[in-house]
Amino acid sequence: MVVILNKNPDPKRVADLTAWLESLHLEIHPTVGKMQTILGLVGDTSKVDIELIRALDIVQDVKRISQPYKEANRAFHPDNTVIKVGDATFGDGSCPLIAGPCSVESREQLLEVAQRVKAAGATLLRGGAFKPRSSPYSFQGLHADGIKLLLEAKKETGLPIVTELMDLSQLDLFADVDVIQIGARNMQNFELLRQVGHVDKPVLLKRGLANTLQELLMSAEYILAGGNHRVILCERGIRTFETATRNTLDLSAIPMLQEMTHLPVIVDPSHASGIARLVKPMAMAAAACGADGLMIEVHNDPAHAKCDGPQSLTPDAFDDVAAAVRQIHPLAYRA
Amino acid sequence: MVVILNKNPDPKRVADLTAWLESLHLEIHPTVGKMQTILGLVGDTSKVDIELIRALDIVQDVKRISQPYKEANRAFHPDNTVIKVGDATFGDGSCPLIAGPCSVESREQLLEVAQRVKAAGATLLRGGAFKPRSSPYSFQGLHADGIKLLLEAKKETGLPIVTELMDLSQLDLFADVDVIQIGARNMQNFELLRQVGHVDKPVLLKRGLANTLQELLMSAEYILAGGNHRVILCERGIRTFETATRNTLDLSAIPMLQEMTHLPVIVDPSHASGIARLVKPMAMAAAACGADGLMIEVHNDPAHAKCDGPQSLTPDAFDDVAAAVRQIHPLAYRA
Amino acid sequence: MVVILNKNPDPKRVADLTAWLESLHLEIHPTVGKMQTILGLVGDTSKVDIELIRALDIVQDVKRISQPYKEANRAFHPDNTVIKVGDATFGDGSCPLIAGPCSVESREQLLEVAQRVKAAGATLLRGGAFKPRSSPYSFQGLHADGIKLLLEAKKETGLPIVTELMDLSQLDLFADVDVIQIGARNMQNFELLRQVGHVDKPVLLKRGLANTLQELLMSAEYILAGGNHRVILCERGIRTFETATRNTLDLSAIPMLQEMTHLPVIVDPSHASGIARLVKPMAMAAAACGADGLMIEVHNDPAHAKCDGPQSLTPDAFDDVAAAVRQIHPLAYRA
Amino acid sequence: MVVILNKNPDPKRVADLTAWLESLHLEIHPTVGKMQTILGLVGDTSKVDIELIRALDIVQDVKRISQPYKEANRAFHPDNTVIKVGDATFGDGSCPLIAGPCSVESREQLLEVAQRVKAAGATLLRGGAFKPRSSPYSFQGLHADGIKLLLEAKKETGLPIVTELMDLSQLDLFADVDVIQIGARNMQNFELLRQVGHVDKPVLLKRGLANTLQELLMSAEYILAGGNHRVILCERGIRTFETATRNTLDLSAIPMLQEMTHLPVIVDPSHASGIARLVKPMAMAAAACGADGLMIEVHNDPAHAKCDGPQSLTPDAFDDVAAAVRQIHPLAYRA
């Protein structure tokens, strides 16, 4: 961490600051210039609140040199975190497929989709029981009944299930769920993060629509700091000025995150563009640049899906995407 | 709503779509072009799920002509919603000041700030008991003790209090709080919105960092649809590519929102820039273009604030801002 | 095009508008609703200035149904435009590699790089003679001498050359250049676009840092409308809130543009991230989702490059990228 | 400037780097930590190319502490630059109004508008002769004839004129123009900037749609470095995810720029929102937070303007805005 002081700071106040920083077990190395004085801080700065320093009158700016997350940081944990769920493994160089409908709508729909995606090679079933919808008038999911249907589909197909937790009040219903998903809109719902940090299940944490990679890792840090080390990160498109696609899929986030952290990084190409016909090329691109898995929406009747129909694949189209990804994967980028 | 069909759509499927739309009590007016056919839909489309239509094979695109929110829509509710809290009134053309520390830290701190901001003309006291912090290692607030101190400050000064609710599990503690704040990171926490829709208290709803005005109004719609009509909107800066300021304050949102909705719209210039010395000019600009109120962070000792010190004003600086706003307000823009 | 009129518009003014639209050879189909009247316009609206209509008092909004570009529009020109330059072909399903240094610095540098990239399979040589630099104090290129060196490298290796034109005053120097590049910062330099529309050479048009796909196609339209039909589009990363990478590479732009237009679409993974070690995974991802070519920066001594060293590959690293792309390409996505 | 080295760098290479930095007349102060070594550089770093250092193998990152612009930097030039044009003065605390049509369309139009805006208190006349339009099919301006009409209006009214230069080939026509405008799309047209750096006229430099304040000042630096010290900066809205307004007016840019630079900063509220009825509140807000001037589009018949009609005010509406700004200005923020 580097603290930039104002021109000609009061020596008394510099001494106070220096003493305080030393009390945080940091060593201070000053550099005195004509326009500025800078203090180089050496030691573990990951838990120092940069804002506290920035607020001081004598301070012009503070810049972090090292990252503000520690548990999620590859610099401190060089080996990949490998997470096994049923037959799927995340973080070992494979590319498991998570597939299923946006929302659970009925027994028939879910079982049909589950069987089809299993046959195509998916090793986890996704499906929403609690749906975050921007309009209060849109379908909000089947809630507890949706969870029951997911568990039934799991029993029927053997596929472990991933589903989204929107609020702590729903947590009891998740006892038999295999992977808890935290949605993009809840990426900075810190109470929720803190609580799933105490749960003994993998957590699939989606990047917020307007959150940086560093913020994503800070949110992962909440979970890891609580003792839950099984966190799977998911890139799902970010909000930009472009309107041709719903969001902009940031695929450079995959190799970048894999450098910053030891946690596995998967990609959701369905939500990113919001357009079914872009799912295949984007799934292929994600596999090519080294994604640790893919999460894809599949619906037996997209035209009558209760949510996100325009981005859902038919089971036939998913067969095609799964085959293409399988072909690309052996050639995929590895750091 | 306008539905654009693909070139040469199957007449059978167009008939199906038409029948379904008519079952939603919409009138359909087709326009047949060489490259496209468009269907103009007339009727109440505010509750139609645009995604359901967009998912159909024969549909190329759907465009809304009217807004997807109804309770929040000025077109349906032309008169301003006026909300009274203690001596403050939002939506009647006045510009009440909400002031106080980012987080409640101690009895002394809170009482000193409360007395100073009251003396300067503030009519509501703000202060965080539960703090959303991007790092799990930063100060997270005093929780229940923070609420107790706020209530004590209320008793002492007579100022009603505004404080942030981060999770439904905290709601019981808010019984004597005057205004519930929903923070920017929770603007699309739909469970939380739904529940405060059933509470008999005004809600101060902050715009998310990357949310459009329409999304803000859709979130307000969740609260209004639950029966709680006292919603105050708050612009607090949006995330852009610019890095000189923490966020970009979108002041055009004030007149724009006042046109779109009947709800009052206030501005938080402290969080927008993250820089204390920009609070005064931005508060003045917000007042000039017709803000229905201002929310400003004030700390008795910003250099030692436990959060957001760099953006907090001293009580003396707040005196100065309050005086400047009072001077500008009589000249402010009115639609 | 759909024109949305205000509630209860003056019938006289509606008649005026209708007459004017008819004079543009458009048919008008009105839909009268309680809250709004909408006019559906049928005919060639690609050259109608939407702003002229939006400015009318009686008009609330105008929405385009069809695109405002015609020459660049795949709807009117279904077959791929195929552009041959030396041994490279763009738009026929192949993925030619364009490689070379960011800026031409010396005879030795350029010839060494040219020979190495040719050996690795590149079929075009890139190199900047005129460099757009954000600081007036940075190296600005060798200008006419740079062009001379490029022509010498072309003679020596047989590789056709691509180089950036920054201003019309430089055009005479480009007589023997094979492909004229228009840089991202000049994507909306309309005078420059208009003039290269009259040149008998392929133009490589880079997407602006903050330009939509539609704006990119409108800029291509300037060139096509001038009579030059050989335009190659290039995605090179867009500006977003993310700071971990310099820009965000928008790979969904490839399949999306290939749907919107018949022009070939290539990718520059070097400028997108600004980080050399991300070039390989992003080049592989671009190839996988169907890019019609790649443009990659290669420098014989990146640590001493006069510009953009951090994003340049060594010749050895380029060998590795070229081999990986060659492996992926046969499996690449095709619409 | 702070250079962060990789863990355990090769001492020989560190010595090379140190020697090179010393050859640039910089002093080096190293700080050695367990995870990193940082070098603090003291001296004039404004002309050091940060990319050259970042490209070195042993370097992990480089962070600027001081700004990369010098001529435009208030730290080196504490006093306001004051620019006089006719009766208008920019930078002395006043708020001159620049007004006129988006594009010059006819003698009648321009003279009528010029007389009306002069009567309302404007002290400069704006009008476009060369118009940057995103479509090649839109009206592109009257070119040389437009300049002639502007000069005629100047003669008639005594108002100095501001008009946009799009390309160097047009420069000869600007001999009698009072202020040369560089448009947002040309903010990084570095050849154009360099040339107007040699012209003896004030330059009005508009911020690019997606350019940071630092980039705006780097572009100003091009002009200043050429010897032309009369540069007026103009905030005109930036591109964000919001679609309710065309761009997002960044008013915090005014006090922020006034802190960073000594150059005057004006605001164009017409282009920012693209909506005529937002011009008044935004003009008032800009005046309130200390803008050094305003540029506003006025048309005698906005409904039939050849460009940007929806954002143009009628002369009557401009009278109203000018009066409101005049009232607010004496109360405006001053740093």
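Per-chain residue numbering starts at 1, and chain names A, B, C and D are given in the order in which the chains are listed.
Operating definition for what follows: a contact is a pair of C-beta atoms (placed from the backbone, for glycine too) under 8 Å apart; a residue touches a chain by one contact, two chains touch by 3 or more.
Just so we're clear, the structure is a prediction, and the values are computed from it rather than from any experiment.
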Exercise for the section: Tell me, please, which chain's centre (mean of its C-alpha atoms) is farthest from the centre of chain C? Expected result: B
Fill in the blank from the handout: Set A-C beside B-C; more C-beta pairs touch across A-C
Exercise for the section: Among the listed pairs C-D, A-D or B-D, choose the one whose interface is a repeat of A-B, with over half of the contact pairs the same by residue number. Expected result: C-D
Problem - Length of the line joining the C-alpha centres of chain B and chain C, rounded to whole Å - result: 39
Problem - Between chain D and chain C, distance of the C-alpha-averaged centres to the nearest whole Å - result: 26
Exercise for the section: Report the inter-chain centroid distance for chain A and chain C in whole angstrom, where each centroid is the mean of the CA atoms. Expected result: 31
Practice task
Check each residue of chain D and list the ones that touch at least two other chains.
Solution key: 210, 239-241, 243
Problem - Sites on chain B touched by chain D in the complex - result: 210, 212-214, 238, 240-245, 248-256, 259-260, 272-273, 275, 277-278, 280-282, 284-290, 324, 327-328, 331-333
Practice task
Can you check the complex and tell me which residues of chain C touch chain B?
Solution key: 2, 4, 27, 29-36, 38, 40, 42-43, 61, 63, 65-66, 75, 210, 239-241, 243
Fill in the blank from the handout: Contacts from chain A onto chain B in the complex sit at residues 46-47, 49, 51-52, 54-57, 68-69, 132-140, 166-169, 185-186, 188-192, 194, 208-210, 215, 218-219, 221-222, 225, 239, 302-310, 312
